[in-house]
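Here chain A shows up in two complexes: once beside chain B, once beside chain C.
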Partner chain A sequence: MRLLGFGILKGMAVTLENFVRSYFDRDRRHHLFTKEYAWEPGAPAEVLPARADTTVTAHSRNFPILLHDGADPMGGIRCVACQICERECPPQCIYIEKDYDEQGKYIKRPAIFDIDLSVCMSCQICVEVCPFDAIVMDSQFELSTANRFGGLLQHRDQLLKSNEYYHRIHPEEARARDDRMAQEKAEKEAKQAAADAAKKKAAEAKAAAEIAAEKSKPEPSAPTAGGAA
Partner chain B sequence: MTQTLLNLLAIAVPLAVGFASLFAFTTWLERKILARIQNRIGPNRISLPFTRFRRLFGLIQPAADGLKMLAKEDIVPRDADKLLHLLAPILSLVPPMMVLCLLPLELPYATAGMRALQAAALDNAVLLFFAITSLNTLAVFMAGWASRNKYSLLGGMRAVAQMVSYEIPLVLSAAVVIMAAGGMNAQAIVEAQRAQWFIFTPWGLAAFLIFFIASLAETNRSPFDLPEAESEIIAGYFTEYSGFKFALFFLGEYLAIFAVSGLAVTLFLGGGAGPWVAAYPALSCVWFLAKIFALIFVMIWLRGTLPRLRVDQLMGFAWKFLLPLSLLNLFVAAAALKLAKPWLSWPVGALVLYGAAVALSRSHRADAAPRTYSYAE
Partner chain C sequence: MSAAAATAAASYSLVRQPAMETGLLEVSMGPHHPSTHGVFRMDVRLDGETVVALKPVFGYLHRNHEKLAEGMSYLASMPFTDRLDYFNSMTNNWAYALAAEQLLPIEVPERAQYLRVIMAELTRLVNHTSLVGFFLNDLGALGTPLLYAFRERERILDLFEQASGARMMCNYFRFGGLRCDVPEGWLARARAVVDAFPRFLDEFEKLLCENEIVLARTQRVGVLSGAQAVNAGITGPMLRASGVNYDLRKVDRYGIYERFAFRVPLGSAGDCYDRFMIRLLEMRESLKILDAALRDIPTGPVMGNAPRVFKPAASETYGRVESPKGELGFYLIADGTTKPYRYRVRPPSFINLTVLEDLCVGHTIADAVVILGSVDIVLGEVDR
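Take a look at the complex of A and B:
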């Protein structure tokens, strides 16, 4: 049994540690995030952001984007319009419609994929539930537009970004995701290969058994029994 | 007559000016502490003009804020009730200002004539304190009503419900001390703690914790800051206030924090008692303020730690947890005060109170299941 109010005391210990160590500790976990005088000419190198084209770090997370492999956005789109993210989204900001070809057959990609940025709260749950690694978080926060509502509803083609872009904004995370995907793919292929081999072997064994049976029983009158299926 | 008036001014002016400047310091302190809790720096840019003192840790920031507030346009909504809209911030400032003089704060230069005028010497100072601070609810609801804004009204309604609910455990936990001290005179209560501060008794500790939690709710401090919950209802009851009226609300809120912390120090932490007070009586004032600021530090620390409660959790906590516990604490205190064997009060009192707290918290545990994901594991 835990002490009553233990959770509060634990939380207070964490914040007090931050408070005290922010004055003394220089290590990464407790360093001050505010960079002073970064805009002044001749600012020391450690106050400048890591990349020249952005002011945010690789740890920043903002609204979700869709990923595609290769150069053609719709050719390499990872999303298969399974609608898991649409169902899991707490504020329900995602709207998806499946795509069908002329025969009315479901082709695995979204015809419509909209995210309402005025509703999205950047919780990242869509990223966590996606089984296809198709949706990840962006770090773009400068989203001001000249009109009032236009920029709020992001459509599929605006959301589609290349895997290279993802590697640029969140290098470590993208690498880890690629590695995991490659590993999963290899495992799947190995499994498939093993299954194929087993099937082939079984077929061969069956054929051999049939040949053997035919050899041992020259009379063709007795049909082969089903075995212990 | 002139002498009386001068004495009165000598007490009232330092209290009003002193606590108002402490308010400025506290806003700076709060921003700095919160910043450090979040591994930021906090305000540090404003420099003293025309001097070579460049930054002073941002201590000049409150002055700049005050100037900005003064210079801002005073916007009153077209459909607002203009008179109530004007009166609400003023009324929100009056009760905390009044109760500050009920604190047994011994001004170092006070003569006997001045002490006789101090309101702390009143025989029912504690009762008067609660009577006056409950006026604050009226100011808050006035602001919420007069603004003619849905967020303001929501904030005002929340504030009324919250302040009325938490006033009961607040008063009940103070009643324990009144029982022990045998009176409501603030100086007599401090005097009664000469041998042992009331916080060092089981019932005193429980009453102090209840009092502190309820005072957080009374002054709209996090985690009970629902009346002004930024992420839900903009700024609650003062959504439609700008410029100096907003600053008055801000000032009133912080003065209420000083007042209620001062009362907690009076009731539980021995008032101005502390080391070397006997040798240097002027230190009493310093100790009193130091204890107030220790409590304020904990308040800021809690604000940096805890998320805001839901409305139902807030009301449930007051009525189902704090109220029964503070009632039980009355009985425990009565038993402990009449107990033949004083050494028994700690084990028995602590066991009864802690057991009751655990039982209460278990019986009201929320039934809501954690969020389940239908696809992800």
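Take a look at the complex of A and C:
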């Protein structure tokens, strides 16, 4: 028969081994000690954040932001206020109003674009349904506010971030998105060019046919006109 | 239960002197009790320390999941499924995607199939490591086993974050594939985690599986017979611990599970110890699947030719997967619009909870805590 208490001693040997190894095992040393911020010296390269003011890695997602191209946020805003994300948002945290000029004509940008971060559940559905690549996920987690009512309600100008910022926080994803957008644009332009060429050709063909038709006609009007004159 | 209570009360009135006035003690355990793993209440009637009757009370975490899903598009429910069983968002996603893919036949590309299996098996590791940690925590082994388990779990959650952007609310599966491919170097990192995992299992088994106190507290406690388990509709590790060989990965062979060689561990006694050990054994089998999947995974797209607007014709479907807790099913009725007409979840931990009283009666109240821990419930899924 086995010694009663042998299993307990065996388990305690495991905890003792872990305790001793934690001082000597390099891999364990990194994982066993709590670090306040992941970018402390000694952290492996893949957990290092893309920028210095966040506690997260380049893969994390948190809340949506709006993207703009160029330096002027409202000049280069990609959002056209189509309201697809507002409709698709599962917890209904997006509110959009379209922008109109003095004549009441819809100019393709949002007048109001609000996201209530206290409602948002970071699901990324808005990013997926956006046909204009205007909305992407941020990885900023330090958002606490003293204002309980509306402190986390982000408005359009707070949400607008540049494409360069996006490249900084999610480099791989941003590059893939830019490549896809460039490709789509090239395809669209090629299609447009092809359509233009086809239109031009058709117009030319039509003009040629008209000229041919004109030529083949016996030109009855000219002699009549001449006769009348 | 009331009959048993009545007999107990009657026998006592005969044995004890009338002047002593002993009776049954009613204890309301929960909803805020550390042993209930969430907001869950057990109305326990005790005779001394022995459980005479037990009534589970739940619904504190009800969030209207099913009705909400009927008011939104098919895709928009996907992130809500993450929040059912918040330990296993990947398998929840898979069950829902599987149901929806049957409504509108969409081919899932090969690479996506492999990644789905990898994610599901990693999820099983996450769930079972947490479970064994929490289970021993319930037994009174405070801290150490749970922290060892969470140390390993964290490595897998890092993998999830790198693939999907979030540790727990992954929202990674889509109808027809996955949202995005895994980043570069991810498969190598997953391989490193999988290769290091058996060492943790060996360590964990050495730590407490032979511990005399654990054996005394769990063996012959909360015995569930195979016939009773089948009768009550129990699924998952709890059913297999009672000796019934039923694993949807073998029975349904959904996804590409027929390509992997793995065994289904079975228990014999159906007690808490079997339910605990079966999880450790299942993790070893999951590692076999992961090993093969990470070796064979092809390159290619991860998204099939899914339509931009998901609008199935009027039909109904039931999709189910072997989630780490049991059979997780989604029943959908489509009416030809972009929203489901009816959306119903078959949650494994809710149905596994129905036999709780039968398991606990006759044991002490301290054992009831252990038995509840061995059932493996998550209140997000029980209450929906």
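To be clear about the criterion, the second predicted complex is superposed on the first by the 163 of 229 C-alpha atoms of A that agree within 3 Å, B and C clash if a C-alpha of one lies under 4 Å from a C-alpha of the other, contacts with A are read in each partner's own complex, and residues count from 1 in each chain.
FYI, a contact is a pair of C-beta atoms (placed from the backbone, for glycine too) under 8 Å apart; a residue touches a chain by one contact, two chains touch by 3 or more.
All values reported here derive from a predicted model rather than from experimental measurement.
Student: With both complexes superposed on chain A, which partner does A:Glu184 reach: first (chain B), second (chain C), both or neither?
Tutor: Once the two structures are laid over each other on A, A:Glu184 reaches no partner at all.
Student: Going by the contact rule stated at the top, is it chain B or chain C that touches a larger number of residues on chain A?
Tutor: C
Student: Check whether A:Asp72 is in contact with chain B, with chain C, with both or with neither, and answer first, second, both or neither.
Tutor: neither
Student: Classify the contacts of A:Leu4 with the two partner chains as first (chain B alone), second (chain C alone), both, or neither.
Tutor: After superposing on A, A:Leu4 lies in contact with both chain B and chain C.
Student: Can A:Glu172 be said to touch chain B (first), chain C (second), both, or neither?
Tutor: After superposing on A, A:Glu172 lies in contact with chain C but is clear of chain B.
Student: For A:Asp157, decide between first (touching chain B), second (touching chain C), both and neither.
Tutor: neither
Student: Quick one: classify A:Leu16 as touching chain B (first), chain C (second), both or neither.
Tutor: first
Student: Pick one for A:Glu88: touches chain B only (first), chain C only (second), both, or neither.
Tutor: both
Student: In the overlay, answer first, second, both or neither for which of chain B and chain C A:Gln124 touches.
Tutor: So A:Gln124 only meets chain C here.
Student: Quick one: is A:Glu210 in contact with chain B, with chain C, with both, or with neither? Answer first, second, both or neither.
Tutor: After superposing on A, A:Glu210 lies clear of both chain B and chain C.
Student: Indicate the residue numbers of chain A shared between its chain B interface and its chain C interface, in ascending order.
Tutor: In the superposed arrangement, which is not itself an observed complex, chain A uses residues 4, 8, 11, 14-15, 18, 31-32, 88, 128-129 for both chain B and chain C.
Student: Quick check on the complex: what are the chain C residues that touch chain A?
Tutor: Residues of chain C touching chain A: 72-73, 75-80, 82, 144, 148, 151, 158, 161-163, 165-166, 169, 171, 179-180, 183-185, 189, 203, 206-215.
Student: Name, in rising order, each residue of chain A that touches chain C in their complex.
Tutor: For chain A paired with chain C, touching residues are 4-8, 10-11, 13-15, 18, 31-32, 46-47, 57, 59-61, 88-90, 121-125, 128-129, 137, 172-173.
Student: Can you name the residues of chain A that touch chain B in the complex?
Tutor: The contact residues of chain A facing chain B are 4, 8, 11-12, 14-16, 18-19, 22-23, 30-34, 36, 84, 87-88, 128-129, 131.
Student: Applying the document's contact rule, which stretches of chain B touch chain A when the two form their complex?
Tutor: Residues 33, 36-41, 301-302, 304-306, 354, 357-358, 361, 373-376 of chain B touch chain A in their complex.
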